[in-house]
Amino acid sequence: MSESPPLLSVDSLVVEYPAKGILTRPFRALDQVSISIGTGETLGLVGESGSGKTTLGRAVLGLAPVASGSVMFAGTEISHAGRRQRRSLSRELQVVFQDPYSSLNPSLTVGEILAEPLSVQGVSKVDARARVKELLDKVRLPSDAANRLPREFSGGQRQRVAIARALALSPKLIVCDEPVSALDLSTQAKVLDLFLQIQRDTGVSYLFVSHDLDVVRHVSHRVAVLYRGEIVEEGPATRVTERPEHPYTQRLLLASPVPDPDAQAQRRAHRKGLAVQRQEQEH
Amino acid sequence: MLRFVVRRGISAALLLAGITVLTFFLLNLFSSEVPRRILGEAAGPEQLTLKAQEIGLDRPLVERFIDWAGRAIQGDLGRSWFTGETVVQALGSRLTVTLTLIVCTIVVAGVIAVVLGIASAVRGGWVDKVVQVLGVIGLAVPSFLIALALVTVFAIQLRLLPAIGYVPITTSVTGWMLALLLPVTALAIDIVASIAQQIRGSMVDSLQRDYVRTLRSRGLSNAEIVYKHVLRNAAGPALSVLALKFVGLLSGAVIVEQVFALPGLGQVAVQSTARGDIPLVMGIVIVTAMIVVIVNLVIDIVQVWLNPKVRLS
Amino acid sequence: MTTLEANNSLLPMGQGSLWKRVKRDPLALMSLGLLVFVALAAVLGPFLVPHDPNQASLGSVLAPPSAEHLLGGDTAGRDILARLLYASRYSLLGALIALGTALILGVTGGLIAGYYPGWFDGVSSWLTDLIMALPGVIVLLAARAVIGPSMWWSMFIFGIILAPSFFRLVRSLVHGVRDELYVDAAKVSGVSDFSIVFRHVLTVVRAPIIIQMSMVSVIAIAVQAGLEFLGVGDMTIPTWGSMLNEAYSKIYIAPQGLIWPGAMIAITCSALVLLASAMRDALERSRGASRSRRRKRGPAAGNTRLTSTSVSESTRSVETPESSALEVIDLQVAYDDEAGRITTVVHDVSFSVARGEVVGLIGESGSGKTQTAFSALRLLPAGGSIIRGQVRWKGRDLAALSEKDMEGIRGTQIAYVPQEPMSNLDPSFTIGSQLMTPLRRRLGLSRADARARSLDLLDRVGIPNPKRTFEAYPHEVSGGMAQRILIAGAVSCDPELLIADEPTSSLDVTVQADVLDLLRDLQQERNLGILLVTHSFGVVADICDRVAVMQQGRIVEDGPVRTILRRPAHDYTRSLLAAMLQGREPLSMLTDTGEEGTHE
């Protein structure tokens, strides 16, 4: 998959949020970030709060102010696409957000929510209804869900609705912004399975943003690590998440606890050892 | 903190400047009829032109504004077109009466509202009901209507209190209090109700906050948590309500003064507008706007002192 | 998972459901009926009475009510009923003009300013501030000086003065909606701004606008009446205000003249206020409902399972060691809601935490683990209570203690570390004062001693610059720092037991590791017992000696951490561990094809 031109390639991207005052500098959320994603591939994007991982996803979607650099999707520059270009782009580029509560309008039924991207594309009401049924089936929700409101569903089910909305137009790339971090463990497992199954069935690519190294390892082919707006490490998923080279990634790995007391005690000792080393280097 | 005060002060000044410009030009839009109104139907065209020159209507509007503003900054708001009295003179004593009425209302209403609000948040029960009923009356019945009802019952029917008139505090303290009792009551009901309801609401809300649980987990007494932490956090929203209500209070005072024939701003406002005495009207608008802006500024500053997080926004 | 059945009384707010709820409120219905009556009287009334409102006849001066004059005559000998009906028409029409003007200006302005931050927002917000600094009656009087006594113009201008109330409401609502993720999702789908406003924004602002409309009508009616009462209005048309004015000037002769117009104003406005408050209640109730669902880990375990679980785990073998400090026995916690229904969220839970021991309480959201922890401190949220069982502590049953006695235990014997660091510090007080207060009240330290002790504590929990943090306000520190401060506060009065409710769940992993290290160090230093509520097996493995697994309000299994994590006996524990990602083949399925998404 590295032979063909990538589906998405982000090059030297800089995102800056305007500052509140006149004299203060704009806040630089991303600094010279470059990534690429091939067809059918998942790029995991891992980092802690404030690392800019969510911003990168939003920049790809046109929801963050791009100061410089480029975002190429299927050979087209989209970093400053207008709403019209977005409309045609939305057939190929979609999103699943973190919060399954605020990502669905509470006063629309699930059917209306799923039909929204379809109606923008001019799909007829009858066709849309059939497609909604198909989508609900795909994400394993009962077909009568279409007539119900989001609040009647649990967190995991709402996230399935959000996934169904992303799938409505059979996109080539879905930006997944922390899609499982608000879910319980067992629900998370089911939703991750759904993501994998959809990829197997449709060959869709994911830009999978998460703070959880384990989640990213499980779903990604390649992983990029963001730290304070910059990518510090990138490579094959298992290599980056199990044998990281950059000190920050190492810290990240050693900080996430393993579910066995003795293994965790070992990991803890290792982490503290590294911390001591780091301090000595600094002095 | 100082930076915040300065910043708010500047924006308040800008706001006042905006109000001044807007009011001046809107008020002087149709002033060509004024000489006729001053001199009456009998006046001839020459007299009218003379009068127009005398009060400066022959000069361009912008020039008149610059002239007016220049003197206003020095505290001279011009002269009445009709009586020749200076605006500052005309407003001075009236303002004292209106401000006395308003300050008394706020003090009385504030104290009662805080007590009622806390009681209904902490105890609920009948206090809660009283606050709710007061809320409906205060919001629904205009203060001048309450004033009319009070006059009819207490002054006309029961003859307990003076129906009209004002006694300066320097003349007689009890007379002053009796004269103010009914107007203050009429104006205060709405303020009491809305502030008490706000205090109740934000206290109930604050009581459910996470930090209250944490404070309790430290073994602090309920009284300390309620009166120190919860009340302080509830005070901010209550002050915002007061800021919003203050403008309405001024409006209400103007009308209620008429009910009780108090010699305040209301009287001079009604007279001067009926005659079209533009300099006086202008003075009234500017002075009242200034009072509102200053009160809002003070409330803003208190808010920041109460809740330092506000400073950020 | 939890309650799936749609509770019909808690449907979200569309217009339809607002109406549906108001319909069930008798007071609101009565108000609505009154308003309809007043409106009908204003529209049809003038056609029904035979008299001209301005026609005076000497014979009817102060005439008592009769067949000819149903409400009698006024001081000028005019028919009161006719005047009242015409007055209603003009007064309401005037109020409608003001309302309409305010609505059009305020709502469109608010929508644009809220949705597009930029110059329009800046300019219109400034204008709003400007208008709001002007007392309405003064402006209307001034306007009269320029344009003369016209009620219609006055009310139009008053509409402009009232517009800010809609503008501010709509603008802030739109601000809220604009940041919602579903608006982002619509943008990604290429939905036009117009459609977004129409579909997503208007549905949210509709109900609040309707409520605001009735409040603004009240103000419009009041101010209009007030102006006419001042006698500066158009005297040729009767209004409620001008009728009051005439009556007041004759108050010594005929005070009864005040009654009818006064009553009309009071009745109409009261009906509007009552209606508005009924609608607001309905709206808030539904908002509150959706918010409580959003708030994670509230009391949520279903009341539907009560029957199915009567089988119960027969062997609740909780060994209660001699040294045991906290001992929870057969704890049952329940919530009662407004409707008086009782929902049990914790069933027959028993466990113990010995001094120096770290016990984990693990479960998914709604498992009742947090409720169990709160019970031990008797800090259950409003509506929750311990309905059965004991919380033994030093020979006493905390569940039966008076609130006063409980205060003596909290902080000095059992302390609490919360989940969300930021929301657990009072935003209005400095960190130093929040640390010092318990030290002074509980340990009786002097101000200077409390200060010194607080600084030591901040230093101990790893705050780099204790002095600066001591003087800072909570919003000036990061989440990780805030959590350290809360831990400092928890141990400040030398407790023997900590109840930690997901103390690291909202922190980044690297910060979580540091905070866990800190907790472990403090625990060893002070030989603390810790009851640690968590949803993470990693955290359990890191710090706990024993662990209890909770599911739907019950402990399904408990024991030493190695036993539970390596050889779980209960199916539920096994399924939880099976959902862990560590050690799993990447890109492989985690569950058996992940069927039945409906049962999450």
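Read from first to last, the chains carry the letters A, B and C; within each, the first residue is number 1.
To be clear about the criterion, a contact is a pair of C-beta atoms (placed from the backbone, for glycine too) under 8 Å apart; a residue touches a chain by one contact, two chains touch by 3 or more.
All of these numbers come straight from a predicted model, not from anything done at the bench.
Viewed as a network of touching protein chains, the structure reduces to a simple linear path.
A comparison of C-alpha centroids places C closest to the centre of the full protein. Taking the mean Cα position of each chain as its centre, B sits at the greatest distance from chain A.
One inter-chain figure worth recording: chain B and chain C are separated by 31 Å, centre to centre, where each centre is the mean of the chain's CA atoms. Centre-to-centre separation between chain A and chain B, using Cα means, comes to 54 Å. Residue ranges of chain B in contact with chain C, taken from their complex: 15-16, 18-19, 22-23, 26-27, 29-30, 135-137, 139-142, 144-145, 148-149, 151-152, 156-157, 208-211, 213-222, 224, 229, 232-233, 244, 247-248, 250-252, 254-255, 258-259, 266, 269-270, 272-278, 281-282, 284-285, 288-289, 292-293, 296, 306-309, 312. Partner chain A is touched in their complex by these residues of chain C: 1-2, 4, 6, 10-14, 180-182, 184-193, 195, 199-200, 203-204, 290, 293-294, 296, 364-365, 508-513, 516-517, 535-542, 561-562, 565-566, 575-582, 584, 586-591, 593-598, 600.
Chain contact summary for the complex, chain A toward chain C: residues 48-49, 58, 61-63, 83-84, 86-90, 93-95, 97-99, 101-108, 113, 116-117, 120, 139-142, 148-149, 151-157, 160, 162, 165, 182, 184-190, 192-194, 196-197, 211-215, 217-221, 237-238, 251-252, 254-264, 268, 271-272. Contact residues of chain C toward chain B in the complex are 126, 129-130, 132-139, 141-142, 144-147, 215, 218-219, 221-223, 225-226, 229-232, 244, 248, 251-252, 255, 258, 262, 265-266, 269-270, 272-274, 277, 377, 379, 381-382, 403, 407-412, 415-416, 418, 420, 423-429, 437-438, 441-442, 473, 475, 486, 489-490, 492-493, 499.
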